[in-house]
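Take a look at the structure below.
Letters are used for the chains, namely A, B and C, taken in the order the chains are written, and counting of residues starts over at 1 for each.
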Amino acid sequence: MIFDTTVWMSLVILLPLAAAITAFLLPRHALAIGLTSSGLIVLSVIALTISLVDGGAARDQMGGWGAPLGIDLVADGLSAVMLLMTAAVGLAITIYAKGYFPARDAHKRAFFWPLWLFLWGSLNALFLSGDIFNLFVTLELLGLSAVALTALVGKPTAVRAAMRYLLVGLAGSMMYLLGVAFVYAGYGALDIAQLRMLVADGPPLYAAATLMTVGLMMKGALFPLHFWLPPAHANAAAPVSALLSALVVKAPFYIMLRLWMDVLYPLADTAAPQVLSALGIAAILWGSIQALRQPKFKLLVAYSTVAQLGYLFLLIPALLADSRPQVLGAIVSFMVAHAAAKAAAFLSAGNILHATGDEQIASFTGLLRTLPLTVTTFALAGLSLVALPPSGGFIAKWLLLDRALANGDWWLVVVIIAGGLLAAGYVMRVLGPTFRERETKPTNARAVPRSMALSAFGLSVLAIILGFMGVYLLDLLAIEPVSMMVGGG
Amino acid sequence: MTETALLYMVVGVVLFGMGLFALVAYPHLLRKILAMNVMGTGTFMVFIAIAHNGDNQPIDPIPHALVITGIVVAVCSTGLALALASQVQALTGQPRIDGSEREE
Amino acid sequence: MSWESLLPLAIVLSSFIPGVMIFFFSEKQAGLRTGLNIAAALVKLVLVAILINGVWRGDTLYELRVSLLPGLDLALRADALSLLFIILSATLWLVTTVYAIGYMEHSKNRSQFFGFFSLCVSSTMGIALAGNLLTFLIFYEMLTIFTYPLVVHNGTDKAMGGGRVYLMYTITGGAALLLGVVWLYMLAGQVEFTDGGALASVAHHTTPLTIIFFLFIVGLGVKAALFPMHGWLPRAMVAPAPVSALLHAVAVVKAGAFGIVRVVNDVFGVTLAQDLNLLQPLLVMACITVLVGSMFAIFQDDLKKRLAYSTVSQVSYVVMGVALFGPIGATGGLLHLVHQGVMKITLFFGAGSFAETLGIYRVSQMNGIGKRMPLTMGAFTIGALGMIGVPPVAGFISKWYLGTGALDANMDWVIGVLMLSSLLNAMYFLPILYRAWFMTQQEAWPHEHDFGRFETHWMLLTPPVVTAVFSILLGLFASLPYGLLDWVELIISREYLL
């Protein structure tokens, strides 16, 4: 590639941050800055990926200071996949937001763009972080932007939900930070690559593991610490809900993946991974059943997120056993497929709300006639969520089932299958009525702006196309750093 | 680790625990925000304890750097929390977010 | 990539692309839509004709593979069995399209209807051309998805209820099938459809293989309406008649039966299936379905429901044939796959015509209908006689082979089942025929449309007549060289390695 990988790594972080500040300082141009910078960020991410594929994993010592004092950025296959996922969903949400925040709502528009760009920047930085403290900082930045975006709408329900989100999130961050303290106290390093060599079984690791895992569970809404998610995701503006469910909530899980694979792995034989897996099962069942009961569309989708996040935890014990590459492939493909599908689902909810002003599912009768593209969007997204072929969700479910069967985990198999049936239930709760004939014409059907309709549709199509990109995803994931030791410092 | 450092660490952990309890137990938003800050302070004390290498030894600068970063983060979070809390007060008249309105 | 390897994909796309295009047509562009439909059907028939020659000779060029995951390929392949299904589907689709255009003339949302109609057919083509279990599963589930909007097309409460029951059954069945496929792939690697079976290397895992077989039968049996998973079929009669015709003769039910044939013949292989004692229970299930379906049919007054239960019963003949260990029985089963399709679609065309022309939905209203609509009723009669097994209509041939096959496999009791079932068929078909031809009309037709010179719209009249004639031709000229029987014997010989 034209430049070294490390240049793209820095660019991918600096671009959104710089654009965010610029958008904040020039509110009248916020939309233009948002659109152009989004395009540039996407291009940078693509360039970074290409350069990774060519040159292998890379490590960047920011400012020339190496670890342990300096902050190292690390880009490997997993980072690239997460960055691409963020870029794809982010681009769609950017286009959607263009239509969602109309010119007359200048106030909201002026604040949305800086906050969204900060969020994007923090995500990119998080996925490129190589040490556990930088993960904390980026996680905090992510949380603060997300909270602010949630409260942006200004409704009392949204503001209250944002407050709860903030408090829970901060509690989680503090626990994580205390865990970092114990890791440093026990092993004297913060860099993940160094820690991988240094960690051993012992009290510091137990304490750190408990604190960090519980803290990340809170931020990542794993059952039973998921209670803040449904109100926050349901009451935010549609593009924000899409961001939260598709991207923000994946970051704590990503950190958990990295931690358990590279830092906490000596604890693989303890009960902790099994507990996580069991909580995942509970999340799937509880979330799906709650989704079946919701009268409001966005709450249904939010509970679906709670359920789908459970799938990610099912295979953590398997991840720490021998077959890591395949299990990681299963988990990551699920994350990516869910991101596309869930974002599309929330965006379609926004479209429906925009057109009819009603988010009660009972009012969706006959919607197929009035909003065919939006209903198709949700149908395709639902296809991936239920994991019917051909879709990204199907490939992910296949991989999960394959690994579960290979390890002989029958209860996981049952839960995965049951989860799919329950998902079909709550998806059809929404889709079924749209086929019905309406007796009366809908009263006020506002036209949905093209940017909103097409961006949502594009995401749902992406969810389907992901079903054919499994080979590329797994190839990308396989890019790993050759040498883990860092020099200098 | 020396006794002083151990004392600091234990106190830090105790503060953390008290803060966590208060965060969960008290409904008033300002108390929750204060509790969150106490949790942070407890964590910072643990870091400071870790930095101590023994009397008359040079301290480890890294945990100090982490504490400073942490303070900055905590200040920003507190700022956002206070702003949100005042919004909640303004919109609902009550400085609290009870669980009863969870399902909206 | 040679043009031959693209042929299977072309056949699938020949319905898929028009289907998607039709969604964008407005209701006023009916002529354009019709033209596109007919053109696509003809294109497909041409492609199929090209394939027939090559597959007869045993060419293996017609294969296309796409990698979905490492070690997991999507494979489209044309072999003799796929062509059997494709020829049946493609021909009947053309006929049904004509019928549907006539039937749906006053209906709403026709673009949506014909769009999903085409997508259903493309899924069926994919099922037929699937070269391995994964591809089969993918198109099988796609068929479920695309048939739902057709079942609920009328948008009434009854339609929605029928649709919900349909989905509950088919999605659960799909989950069972998915589990079976993933498990088998984990055991045996990628399972390509191979004549004589593909599981030789793992044949010793008897318990997992038995459970997997059971999962397959449950998953496939839902669509094939095998007892006790048949419950959705009568409820799905709420769909418009062309949908019922398509679902019962061509697409959904046949896809399930076709899947069972594939699993027994080309995944497990008849020999392994027999060794694992899997064929006996399957045979028993098929026979139970045959009898139970017929018994329920007798008590139905609603004509389409009676035909639905008849389908439940008749499709199980295919399963029966494949579960009889022996080439003759298998031949009978495959023959019936085609024969039942042609005969049953005639019956459903008739039922739909009666409803559209005269407002008749129940058997008790059919007195004297033979006088009013002689051609349609004549076609109906031929179909009914074929179902009972009266020569020279095609049904007789397949039942004969099944009976002989039963004797050949030392399952003499199956003949009893066949005879009893023919008797039951007579019990629910003959009264209809008697009423129609020999009883006089009691009251005015509920809702009569006048079509001028012909007894009904020519688009409703021609298809059943055409398919009725086919039923007779298939029976009379069964043993013609290059006829259906030769083709089926080709398939069976490759399977049994004769």
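Rule of thumb we're sticking to: a residue touches a chain if its C-beta (ideal position, glycine included) is under 8 Å from a C-beta of that chain, and two chains touch if they have at least 3 such contacts.
None of the values given here were measured: they were computed from a predicted structure.
If you sketch which chains touch which, the chains link end to end in a single open path, with no loop closing it. The chain closest to the protein's centre is A, with centres computed as averages of CA atoms. Centre to centre, using the average C-alpha position, chain A and chain C are separated by 44 Å.
Taking each chain's centre as the average of its CA atoms, chain B and chain C sit 68 Å apart.
Chain centres here are Cα means. That of chain A falls 27 Å from that of chain B. Partner chain C is touched in their complex by these residues of chain A: 366, 368-369, 372, 383, 386, 388-390, 394-395, 397-399, 401-402, 405-406, 413, 417, 420-421, 424, 428, 432-433, 435-437, 467-468, 470-471, 474. On chain B, the positions that touch chain A within their shared complex are 9, 13, 16, 19-20, 23, 29, 32-33, 36, 39-40, 42-43, 46-47, 50, 61-63, 65-66, 69-70, 73, 76-77, 80-81, 84-85, 87-88, 91-92, 97, 99, 101-104.
For chain C in complex with chain A, the touching residues are 23, 66-70, 72, 108-109, 112, 137-138, 141-142, 144-145, 149, 152, 154-156, 160, 163-164, 167, 171-172, 174-175, 178-179, 182-183, 185-186.
If you check the complex, the residues on chain A that touch chain B are 68-69, 133, 136-137, 140, 144, 147-148, 151, 156-157, 159-164, 166-167, 170-171, 173-175, 177-178, 180-182, 184-185, 190, 227, 230-231, 234-235, 299.
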